[in-house]
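Take a look at these structures.
There are two complexes below, and they share chain A, which is joined by chain B in the first and by chain C in the second.
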Partner chain A sequence: MVAVTVPADGGWLGILRTATAGLAARLGFPGDKIEDLRIAVDEACAMLLVLTPTDGDLTCRFEIGAETLTAAVSAPLREGANLPDPSSFAWRVIRGLTADASAGQVNGVATIRLTAALHK
Partner chain B sequence: MELSLATRVVAAHTVLEVGGEVDVYTAPKLRERIAELLDGNIKAVIVDLGKVDFMDSTGLGVLVGGWRKAKASGASFGVVCDKESLLKIFRITALDQILPLYPSVTAATAS
Partner chain C sequence: MFGVEQVSGNGAVTVKISGDIDLATADKVGDALASALGSSANVRVDLSGVTFLDSTGIRALVQAYRLASSKGGSLHVFGAKHWVAKVLDVTGVGPLLSAPAE
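Our next item is the complex of A and B:
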(Lines of atoms letter the chains of each structure in order from A and count residues from 1; the text may use other names and numbers.)
(Lines give C-alpha, C1' and ligand atoms only; values in the text may rest on other atoms or scores of the structure.)
Protein backbone atom coordinates (compact mmCIF):
# COMPACT_ATOMS: atom_id res chain seq x y z
CA MET A 1 0.00 0.00 0.00
CA VAL A 2 1.18 3.49 -0.83
CA ALA A 3 -0.34 6.54 0.89
CA VAL A 4 0.08 10.24 0.19
CA THR A 5 -1.34 12.94 2.47
CA VAL A 6 -1.47 16.61 1.50
CA PRO A 7 -3.18 19.68 2.98
CA ALA A 8 -6.79 20.07 1.80
CA ASP A 9 -5.97 22.88 -0.60
CA GLY A 10 -6.42 22.90 -4.38
CA GLY A 11 -2.79 23.88 -4.88
CA TRP A 12 -1.73 20.39 -3.75
CA LEU A 13 -3.86 18.40 -6.18
CA GLY A 14 -1.07 18.38 -8.76
CA ILE A 15 1.04 16.34 -6.32
CA LEU A 16 -1.67 13.67 -5.99
CA ARG A 17 -2.17 13.60 -9.76
CA THR A 18 1.56 13.10 -10.30
CA ALA A 19 1.72 10.36 -7.64
CA THR A 20 -1.24 8.59 -9.29
CA ALA A 21 0.28 8.73 -12.75
CA GLY A 22 3.70 7.64 -11.50
CA LEU A 23 2.32 4.65 -9.66
CA ALA A 24 0.07 3.54 -12.52
CA ALA A 25 2.99 3.82 -14.94
CA ARG A 26 5.19 1.79 -12.58
CA LEU A 27 2.52 -0.94 -12.54
CA GLY A 28 2.47 -1.12 -16.33
CA PHE A 29 -0.85 0.62 -17.04
CA PRO A 30 -1.08 1.95 -20.61
CA GLY A 31 -1.01 5.70 -21.24
CA ASP A 32 -4.76 6.18 -21.71
CA LYS A 33 -5.60 4.33 -18.48
CA ILE A 34 -2.99 6.33 -16.58
CA GLU A 35 -4.60 9.53 -17.84
CA ASP A 36 -8.09 8.25 -16.93
CA LEU A 37 -7.07 7.42 -13.37
CA ARG A 38 -5.19 10.72 -13.01
CA ILE A 39 -8.36 12.62 -13.92
CA ALA A 40 -10.59 10.41 -11.72
CA VAL A 41 -8.37 10.90 -8.64
CA ASP A 42 -8.35 14.65 -9.28
CA GLU A 43 -12.15 14.67 -9.52
CA ALA A 44 -12.49 12.76 -6.25
CA CYS A 45 -10.07 15.12 -4.50
CA ALA A 46 -11.81 18.22 -5.89
CA MET A 47 -15.14 16.83 -4.69
CA LEU A 48 -13.84 16.31 -1.16
CA LEU A 49 -11.96 19.62 -0.98
CA VAL A 50 -15.15 21.65 -0.81
CA LEU A 51 -16.57 19.40 1.91
CA THR A 52 -13.62 19.31 4.30
CA PRO A 53 -12.45 21.93 6.82
CA THR A 54 -9.76 24.23 5.37
CA ASP A 55 -7.18 23.01 7.90
CA GLY A 56 -7.91 19.36 7.11
CA ASP A 57 -5.85 16.84 5.17
CA LEU A 58 -6.59 14.88 2.06
CA THR A 59 -5.24 11.33 2.02
CA CYS A 60 -4.93 9.10 -1.01
CA ARG A 61 -4.22 5.43 -0.32
CA PHE A 62 -3.27 3.29 -3.26
CA GLU A 63 -3.95 -0.42 -3.04
CA ILE A 64 -2.11 -2.51 -5.57
CA GLY A 65 -3.87 -5.65 -6.79
CA ALA A 66 -2.74 -8.31 -9.26
CA GLU A 67 -4.42 -6.51 -12.15
CA THR A 68 -5.98 -3.49 -10.47
CA LEU A 69 -5.00 -0.25 -8.85
CA THR A 70 -7.42 1.22 -6.33
CA ALA A 71 -7.14 4.79 -5.09
CA ALA A 72 -9.10 5.58 -1.92
CA VAL A 73 -9.28 9.34 -1.33
CA SER A 74 -10.37 10.37 2.18
CA ALA A 75 -11.03 13.59 4.01
CA PRO A 76 -12.90 14.61 7.15
CA LEU A 77 -16.30 16.13 6.39
CA ARG A 78 -17.36 19.54 7.69
CA GLU A 79 -20.43 19.40 9.84
CA GLY A 80 -23.54 19.15 7.68
CA ALA A 81 -21.56 18.49 4.46
CA ASN A 82 -22.75 15.76 2.11
CA LEU A 83 -21.19 14.09 -0.90
CA PRO A 84 -22.36 15.56 -4.25
CA ASP A 85 -25.27 14.27 -6.26
CA PRO A 86 -24.37 11.19 -8.39
CA SER A 87 -25.56 13.08 -11.48
CA SER A 88 -22.93 15.83 -11.04
CA PHE A 89 -20.31 16.32 -13.80
CA ALA A 90 -17.63 15.10 -11.40
CA TRP A 91 -19.36 11.79 -10.69
CA ARG A 92 -20.15 11.23 -14.33
CA VAL A 93 -16.49 11.74 -15.19
CA ILE A 94 -15.37 9.41 -12.39
CA ARG A 95 -17.78 6.65 -13.42
CA GLY A 96 -16.80 7.02 -17.06
CA LEU A 97 -13.09 6.75 -16.38
CA THR A 98 -12.88 3.93 -13.83
CA ALA A 99 -13.75 0.23 -13.69
CA ASP A 100 -15.44 0.79 -10.33
CA ALA A 101 -16.21 3.80 -8.14
CA SER A 102 -18.00 4.20 -4.82
CA ALA A 103 -18.29 6.66 -1.98
CA GLY A 104 -19.14 6.42 1.68
CA GLN A 105 -18.61 8.03 5.03
CA VAL A 106 -17.66 6.58 8.40
CA ASN A 107 -17.28 8.57 11.62
CA GLY A 108 -17.25 11.90 9.78
CA VAL A 109 -14.62 10.86 7.22
CA ALA A 110 -15.69 10.58 3.59
CA THR A 111 -13.90 8.18 1.27
CA ILE A 112 -14.17 7.87 -2.50
CA ARG A 113 -12.75 4.60 -3.88
CA LEU A 114 -11.75 4.34 -7.51
CA THR A 115 -10.48 1.21 -9.20
CA ALA A 116 -8.66 1.01 -12.50
CA ALA A 117 -8.24 -2.39 -14.12
CA LEU A 118 -5.23 -3.19 -16.25
CA HIS A 119 -7.19 -5.26 -18.81
CA LYS A 120 -10.73 -3.94 -18.66
CA MET B 1 2.47 23.53 -14.48
CA GLU B 2 -0.08 26.20 -13.69
CA LEU B 3 -2.54 27.94 -15.92
CA SER B 4 -1.49 30.31 -18.69
CA LEU B 5 -3.91 32.64 -20.48
CA ALA B 6 -3.28 34.81 -23.53
CA THR B 7 -5.58 36.47 -26.04
CA ARG B 8 -5.18 37.23 -29.72
CA VAL B 9 -7.58 38.35 -32.41
CA VAL B 10 -8.19 36.13 -35.45
CA ALA B 11 -10.68 37.13 -38.14
CA ALA B 12 -12.80 39.28 -35.78
CA HIS B 13 -12.82 36.54 -33.13
CA THR B 14 -11.08 36.91 -29.77
CA VAL B 15 -9.13 33.73 -29.16
CA LEU B 16 -8.33 32.94 -25.54
CA GLU B 17 -5.34 30.58 -25.57
CA VAL B 18 -5.36 28.42 -22.47
CA GLY B 19 -2.30 26.45 -21.43
CA GLY B 20 -1.23 24.23 -18.53
CA GLU B 21 -3.64 22.71 -16.05
CA VAL B 22 -7.30 23.61 -15.50
CA ASP B 23 -8.39 22.22 -12.14
CA VAL B 24 -10.25 23.33 -9.02
CA TYR B 25 -7.28 25.57 -8.13
CA THR B 26 -6.82 27.34 -11.47
CA ALA B 27 -10.34 27.29 -12.95
CA PRO B 28 -11.45 30.52 -11.18
CA LYS B 29 -8.80 32.44 -13.18
CA LEU B 30 -10.20 31.03 -16.43
CA ARG B 31 -13.77 31.85 -15.34
CA GLU B 32 -12.76 35.45 -14.56
CA ARG B 33 -10.95 35.91 -17.88
CA ILE B 34 -13.89 34.60 -19.93
CA ALA B 35 -16.27 36.84 -17.97
CA GLU B 36 -13.99 39.84 -18.56
CA LEU B 37 -13.99 39.23 -22.30
CA LEU B 38 -17.77 38.89 -22.49
CA ASP B 39 -18.32 41.86 -20.18
CA GLY B 40 -15.96 43.84 -22.43
CA ASN B 41 -18.55 43.62 -25.20
CA ILE B 42 -16.62 41.09 -27.26
CA LYS B 43 -19.07 39.36 -29.58
CA ALA B 44 -17.09 36.29 -30.65
CA VAL B 45 -15.02 34.31 -28.16
CA ILE B 46 -13.05 31.16 -28.93
CA VAL B 47 -11.43 29.28 -26.05
CA ASP B 48 -8.46 27.38 -27.44
CA LEU B 49 -7.52 24.41 -25.24
CA GLY B 50 -4.66 23.40 -27.57
CA LYS B 51 -1.96 23.88 -24.90
CA VAL B 52 -3.93 22.41 -22.00
CA ASP B 53 -2.22 19.38 -20.44
CA PHE B 54 -4.93 18.61 -17.92
CA MET B 55 -8.55 19.56 -17.37
CA ASP B 56 -11.20 18.19 -15.00
CA SER B 57 -14.93 18.78 -14.57
CA THR B 58 -14.28 22.12 -12.87
CA GLY B 59 -12.95 23.29 -16.24
CA LEU B 60 -16.00 21.88 -17.99
CA GLY B 61 -18.20 23.85 -15.60
CA VAL B 62 -16.33 27.05 -16.46
CA LEU B 63 -16.78 26.45 -20.20
CA VAL B 64 -20.49 25.76 -19.78
CA GLY B 65 -20.78 28.95 -17.70
CA GLY B 66 -18.98 30.91 -20.44
CA TRP B 67 -21.17 29.44 -23.16
CA ARG B 68 -24.34 30.36 -21.20
CA LYS B 69 -23.09 33.88 -20.50
CA ALA B 70 -22.20 34.35 -24.17
CA LYS B 71 -25.61 33.11 -25.24
CA ALA B 72 -27.34 35.51 -22.84
CA SER B 73 -25.35 38.46 -24.18
CA GLY B 74 -25.77 37.55 -27.85
CA ALA B 75 -22.11 36.63 -28.35
CA SER B 76 -20.79 33.53 -30.07
CA PHE B 77 -18.72 31.06 -28.05
CA GLY B 78 -16.62 28.19 -29.32
CA VAL B 79 -14.10 25.76 -27.84
CA VAL B 80 -11.10 24.42 -29.72
CA CYS B 81 -9.92 21.01 -28.62
CA ASP B 82 -8.28 18.16 -30.49
CA LYS B 83 -6.71 16.26 -27.60
CA GLU B 84 -8.31 12.86 -27.07
CA SER B 85 -7.83 12.86 -23.28
CA LEU B 86 -9.82 16.11 -23.05
CA LEU B 87 -12.41 15.17 -25.67
CA LYS B 88 -13.15 12.05 -23.64
CA ILE B 89 -14.47 14.04 -20.66
CA PHE B 90 -16.59 16.18 -23.01
CA ARG B 91 -18.10 12.94 -24.34
CA ILE B 92 -18.60 11.30 -20.92
CA THR B 93 -20.57 14.31 -19.71
CA ALA B 94 -22.36 14.67 -23.09
CA LEU B 95 -21.11 18.25 -23.30
CA ASP B 96 -19.82 17.47 -26.80
CA GLN B 97 -23.52 17.62 -27.76
CA ILE B 98 -23.99 21.07 -26.26
CA LEU B 99 -20.78 23.08 -26.50
CA PRO B 100 -19.63 24.12 -29.97
CA LEU B 101 -16.35 22.14 -30.24
CA TYR B 102 -13.88 22.60 -33.09
CA PRO B 103 -10.64 20.78 -33.96
CA SER B 104 -8.77 24.01 -34.77
CA VAL B 105 -8.98 27.79 -34.50
CA THR B 106 -9.32 27.94 -38.28
CA ALA B 107 -12.39 25.68 -38.13
CA ALA B 108 -13.85 27.73 -35.29
CA THR B 109 -13.44 31.08 -37.05
CA ALA B 110 -14.83 29.66 -40.30
CA SER B 111 -18.07 28.49 -38.69
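Our next item is the complex of A and C:
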Protein backbone atom coordinates (compact mmCIF):
# COMPACT_ATOMS: atom_id res chain seq x y z
CA MET A 1 0.00 0.00 0.00
CA VAL A 2 1.09 3.55 -0.72
CA ALA A 3 -0.31 6.48 1.31
CA VAL A 4 0.08 10.22 0.85
CA THR A 5 -1.08 12.64 3.56
CA VAL A 6 -1.24 16.39 2.95
CA PRO A 7 -2.67 19.36 4.85
CA ALA A 8 -6.36 20.01 4.09
CA ASP A 9 -5.68 22.89 1.73
CA GLY A 10 -6.54 23.24 -1.97
CA GLY A 11 -2.97 24.21 -2.77
CA TRP A 12 -1.92 20.56 -2.25
CA LEU A 13 -4.29 19.14 -4.84
CA GLY A 14 -1.70 19.44 -7.59
CA ILE A 15 0.70 17.28 -5.55
CA LEU A 16 -1.94 14.57 -5.06
CA ARG A 17 -2.77 14.63 -8.78
CA THR A 18 0.91 14.21 -9.64
CA ALA A 19 1.33 11.37 -7.10
CA THR A 20 -1.73 9.59 -8.52
CA ALA A 21 -0.55 9.89 -12.11
CA GLY A 22 3.01 8.81 -11.21
CA LEU A 23 1.85 5.71 -9.36
CA ALA A 24 -0.63 4.68 -12.07
CA ALA A 25 2.08 5.12 -14.71
CA ARG A 26 4.53 2.94 -12.72
CA LEU A 27 1.86 0.24 -12.50
CA GLY A 28 1.53 0.20 -16.28
CA PHE A 29 -1.84 1.90 -16.64
CA PRO A 30 -2.40 3.35 -20.12
CA GLY A 31 -2.43 7.13 -20.53
CA ASP A 32 -6.20 7.54 -20.74
CA LYS A 33 -6.77 5.51 -17.54
CA ILE A 34 -4.10 7.53 -15.75
CA GLU A 35 -5.79 10.78 -16.67
CA ASP A 36 -9.24 9.49 -15.65
CA LEU A 37 -7.96 8.43 -12.22
CA ARG A 38 -6.00 11.67 -11.78
CA ILE A 39 -9.20 13.70 -12.29
CA ALA A 40 -11.31 11.36 -10.12
CA VAL A 41 -8.84 11.55 -7.19
CA ASP A 42 -8.80 15.35 -7.51
CA GLU A 43 -12.62 15.38 -7.39
CA ALA A 44 -12.75 13.19 -4.29
CA CYS A 45 -10.14 15.37 -2.55
CA ALA A 46 -11.88 18.62 -3.54
CA MET A 47 -15.18 17.20 -2.28
CA LEU A 48 -13.69 16.43 1.15
CA LEU A 49 -11.56 19.59 1.43
CA VAL A 50 -14.59 21.86 1.68
CA LEU A 51 -16.09 19.65 4.40
CA THR A 52 -13.05 19.10 6.63
CA PRO A 53 -11.63 21.41 9.34
CA THR A 54 -8.89 23.64 7.89
CA ASP A 55 -6.29 22.34 10.36
CA GLY A 56 -6.98 18.72 9.39
CA ASP A 57 -5.22 16.29 7.10
CA LEU A 58 -6.32 14.66 3.89
CA THR A 59 -5.04 11.12 3.29
CA CYS A 60 -5.01 9.23 0.03
CA ARG A 61 -4.28 5.49 0.32
CA PHE A 62 -3.57 3.57 -2.84
CA GLU A 63 -4.33 -0.16 -2.79
CA ILE A 64 -2.57 -2.00 -5.57
CA GLY A 65 -4.36 -5.07 -6.94
CA ALA A 66 -3.40 -7.43 -9.76
CA GLU A 67 -5.71 -5.69 -12.24
CA THR A 68 -6.93 -2.68 -10.28
CA LEU A 69 -5.75 0.42 -8.49
CA THR A 70 -7.99 1.72 -5.72
CA ALA A 71 -7.56 5.17 -4.23
CA ALA A 72 -9.24 5.72 -0.85
CA VAL A 73 -9.37 9.40 0.08
CA SER A 74 -10.18 10.17 3.73
CA ALA A 75 -10.68 13.27 5.83
CA PRO A 76 -12.49 14.12 9.07
CA LEU A 77 -15.80 15.90 8.50
CA ARG A 78 -16.71 19.15 10.25
CA GLU A 79 -19.69 18.79 12.54
CA GLY A 80 -22.88 18.82 10.51
CA ALA A 81 -21.05 18.52 7.18
CA ASN A 82 -22.48 16.08 4.65
CA LEU A 83 -21.12 14.61 1.43
CA PRO A 84 -22.66 16.13 -1.70
CA ASP A 85 -25.69 14.73 -3.43
CA PRO A 86 -25.14 11.91 -5.99
CA SER A 87 -26.45 14.26 -8.71
CA SER A 88 -23.71 16.87 -8.00
CA PHE A 89 -21.14 17.72 -10.67
CA ALA A 90 -18.42 16.15 -8.51
CA TRP A 91 -20.14 12.75 -8.38
CA ARG A 92 -20.97 12.90 -12.08
CA VAL A 93 -17.26 13.33 -12.84
CA ILE A 94 -16.24 10.54 -10.46
CA ARG A 95 -18.84 8.09 -11.79
CA GLY A 96 -17.97 8.99 -15.37
CA LEU A 97 -14.26 8.34 -14.94
CA THR A 98 -13.94 5.32 -12.61
CA ALA A 99 -14.80 1.62 -12.83
CA ASP A 100 -16.24 1.77 -9.31
CA ALA A 101 -16.79 4.50 -6.70
CA SER A 102 -18.35 4.61 -3.25
CA ALA A 103 -18.44 6.82 -0.18
CA GLY A 104 -18.80 6.07 3.49
CA GLN A 105 -18.50 7.64 6.89
CA VAL A 106 -17.15 6.07 10.10
CA ASN A 107 -16.67 7.95 13.39
CA GLY A 108 -16.77 11.34 11.70
CA VAL A 109 -14.22 10.42 9.02
CA ALA A 110 -15.47 10.30 5.45
CA THR A 111 -13.80 8.05 2.88
CA ILE A 112 -14.32 8.04 -0.86
CA ARG A 113 -13.08 4.92 -2.66
CA LEU A 114 -12.34 4.98 -6.37
CA THR A 115 -11.23 2.01 -8.41
CA ALA A 116 -9.55 2.07 -11.79
CA ALA A 117 -9.33 -1.19 -13.73
CA LEU A 118 -6.27 -1.88 -15.85
CA HIS A 119 -8.36 -3.60 -18.54
CA LYS A 120 -11.98 -2.52 -19.00
CA MET B 1 0.87 28.32 -14.27
CA PHE B 2 -2.68 29.54 -13.82
CA GLY B 3 -3.55 32.79 -15.55
CA VAL B 4 -6.48 34.81 -16.88
CA GLU B 5 -6.37 37.27 -19.76
CA GLN B 6 -9.22 39.43 -21.04
CA VAL B 7 -9.46 40.67 -24.65
CA SER B 8 -12.25 42.91 -26.02
CA GLY B 9 -13.41 43.21 -29.61
CA ASN B 10 -16.40 42.81 -31.99
CA GLY B 11 -18.94 43.55 -29.26
CA ALA B 12 -17.80 40.67 -27.08
CA VAL B 13 -15.18 40.02 -24.46
CA THR B 14 -12.99 36.94 -24.62
CA VAL B 15 -11.54 35.58 -21.39
CA LYS B 16 -8.60 33.28 -21.98
CA ILE B 17 -7.84 30.97 -19.09
CA SER B 18 -4.64 28.98 -18.87
CA GLY B 19 -3.27 26.37 -16.47
CA ASP B 20 -5.17 24.19 -13.98
CA ILE B 21 -8.72 25.05 -12.89
CA ASP B 22 -9.29 23.31 -9.55
CA LEU B 23 -10.45 24.07 -6.01
CA ALA B 24 -7.48 26.43 -5.56
CA THR B 25 -8.20 28.53 -8.68
CA ALA B 26 -11.95 28.16 -9.41
CA ASP B 27 -12.83 31.30 -7.45
CA LYS B 28 -10.40 33.33 -9.59
CA VAL B 29 -12.15 32.00 -12.71
CA GLY B 30 -15.54 32.97 -11.26
CA ASP B 31 -14.30 36.46 -10.37
CA ALA B 32 -12.72 36.99 -13.80
CA LEU B 33 -15.91 35.92 -15.59
CA ALA B 34 -18.14 38.08 -13.36
CA SER B 35 -15.85 41.02 -14.03
CA ALA B 36 -15.92 40.38 -17.80
CA LEU B 37 -19.74 40.23 -17.65
CA GLY B 38 -19.61 43.62 -15.96
CA SER B 39 -18.03 45.14 -19.07
CA SER B 40 -19.85 43.13 -21.77
CA ALA B 41 -23.11 41.17 -21.92
CA ASN B 42 -21.50 38.65 -24.26
CA VAL B 43 -18.50 36.72 -23.02
CA ARG B 44 -16.52 33.98 -24.74
CA VAL B 45 -14.28 31.77 -22.63
CA ASP B 46 -11.19 30.38 -24.34
CA LEU B 47 -10.26 27.07 -22.68
CA SER B 48 -7.53 26.10 -25.17
CA GLY B 49 -4.79 26.82 -22.63
CA VAL B 50 -6.48 24.95 -19.77
CA THR B 51 -4.48 21.91 -18.67
CA PHE B 52 -6.87 20.59 -16.00
CA LEU B 53 -10.56 21.08 -15.18
CA ASP B 54 -12.64 19.55 -12.41
CA SER B 55 -16.17 20.07 -11.09
CA THR B 56 -15.19 23.14 -9.06
CA GLY B 57 -14.30 24.80 -12.40
CA ILE B 58 -17.53 23.47 -13.96
CA ARG B 59 -19.47 25.13 -11.13
CA ALA B 60 -17.71 28.47 -11.76
CA LEU B 61 -18.47 28.26 -15.50
CA VAL B 62 -22.13 27.36 -14.94
CA GLN B 63 -22.59 30.14 -12.39
CA ALA B 64 -21.12 32.64 -14.87
CA TYR B 65 -23.42 31.24 -17.58
CA ARG B 66 -26.43 31.81 -15.29
CA LEU B 67 -25.25 35.32 -14.47
CA ALA B 68 -24.95 36.10 -18.19
CA SER B 69 -28.43 34.68 -18.88
CA SER B 70 -29.96 36.67 -16.01
CA LYS B 71 -28.61 39.83 -17.63
CA GLY B 72 -29.98 38.89 -21.03
CA GLY B 73 -26.48 38.23 -22.32
CA SER B 74 -24.56 35.11 -23.27
CA LEU B 75 -21.53 33.13 -22.21
CA HIS B 76 -19.99 30.20 -23.98
CA VAL B 77 -16.76 28.25 -23.92
CA PHE B 78 -14.57 27.06 -26.78
CA GLY B 79 -11.24 25.38 -27.40
CA ALA B 80 -11.51 22.66 -24.71
CA LYS B 81 -9.04 19.87 -25.36
CA HIS B 82 -8.93 16.20 -24.41
CA TRP B 83 -9.84 15.73 -20.76
CA VAL B 84 -11.09 19.27 -20.34
CA ALA B 85 -13.69 18.42 -23.02
CA LYS B 86 -14.31 15.05 -21.36
CA VAL B 87 -15.11 16.69 -17.99
CA LEU B 88 -17.51 19.11 -19.74
CA ASP B 89 -19.06 16.03 -21.32
CA VAL B 90 -19.40 13.73 -18.26
CA THR B 91 -20.97 16.54 -16.21
CA GLY B 92 -23.50 17.12 -19.00
CA VAL B 93 -22.79 20.85 -19.31
CA GLY B 94 -20.99 20.70 -22.68
CA PRO B 95 -24.11 21.47 -24.78
CA LEU B 96 -25.21 24.24 -22.37
CA LEU B 97 -21.87 26.02 -22.50
CA SER B 98 -21.13 25.52 -26.21
CA ALA B 99 -21.83 28.26 -28.72
CA PRO B 100 -24.99 27.73 -30.77
CA ALA B 101 -24.22 26.45 -34.28
CA GLU B 102 -23.95 29.28 -36.79
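One rule holds for everything that comes next: the second predicted complex is superposed on the first by the 120 of 120 C-alpha atoms of A that agree within 3 Å, B and C clash if a C-alpha of one lies under 4 Å from a C-alpha of the other, contacts with A are read in each partner's own complex, and residues count from 1 in each chain.
As a working rule, a residue touches a chain if its C-beta (ideal position, glycine included) is under 8 Å from a C-beta of that chain, and two chains touch if they have at least 3 such contacts.
No experiment lies behind these values; they were computed from the predicted model shown.
Partners chain B and chain C clash in the overlay (superposition on chain A). Across the superposed pair, chain B and chain C both touch chain A at residues 10-11, 13-14, 17, 35-36, 39, 42-43, 45-46, 49, 88-90, 92-93, 96-97. Partner chain A is touched in their complex by these residues of chain C: 20, 22-24, 52, 54-56, 58-59, 62, 82-83, 86-87, 89-93. Across the complex, chain A meets chain B through its residues 9-11, 13-14, 17, 32, 35-36, 38-39, 42-43, 45-46, 49, 88-90, 92-93, 96-97. In the complex of the two chains, the chain A residues touching chain C come out as 10-11, 13-14, 17, 35-36, 39, 42-43, 45-46, 49-50, 88-90, 92-93, 95-97. On the chain B side of its complex with chain A, the touching residues are 21, 23-25, 54, 56-58, 60-61, 84-85, 88-89, 92-93.
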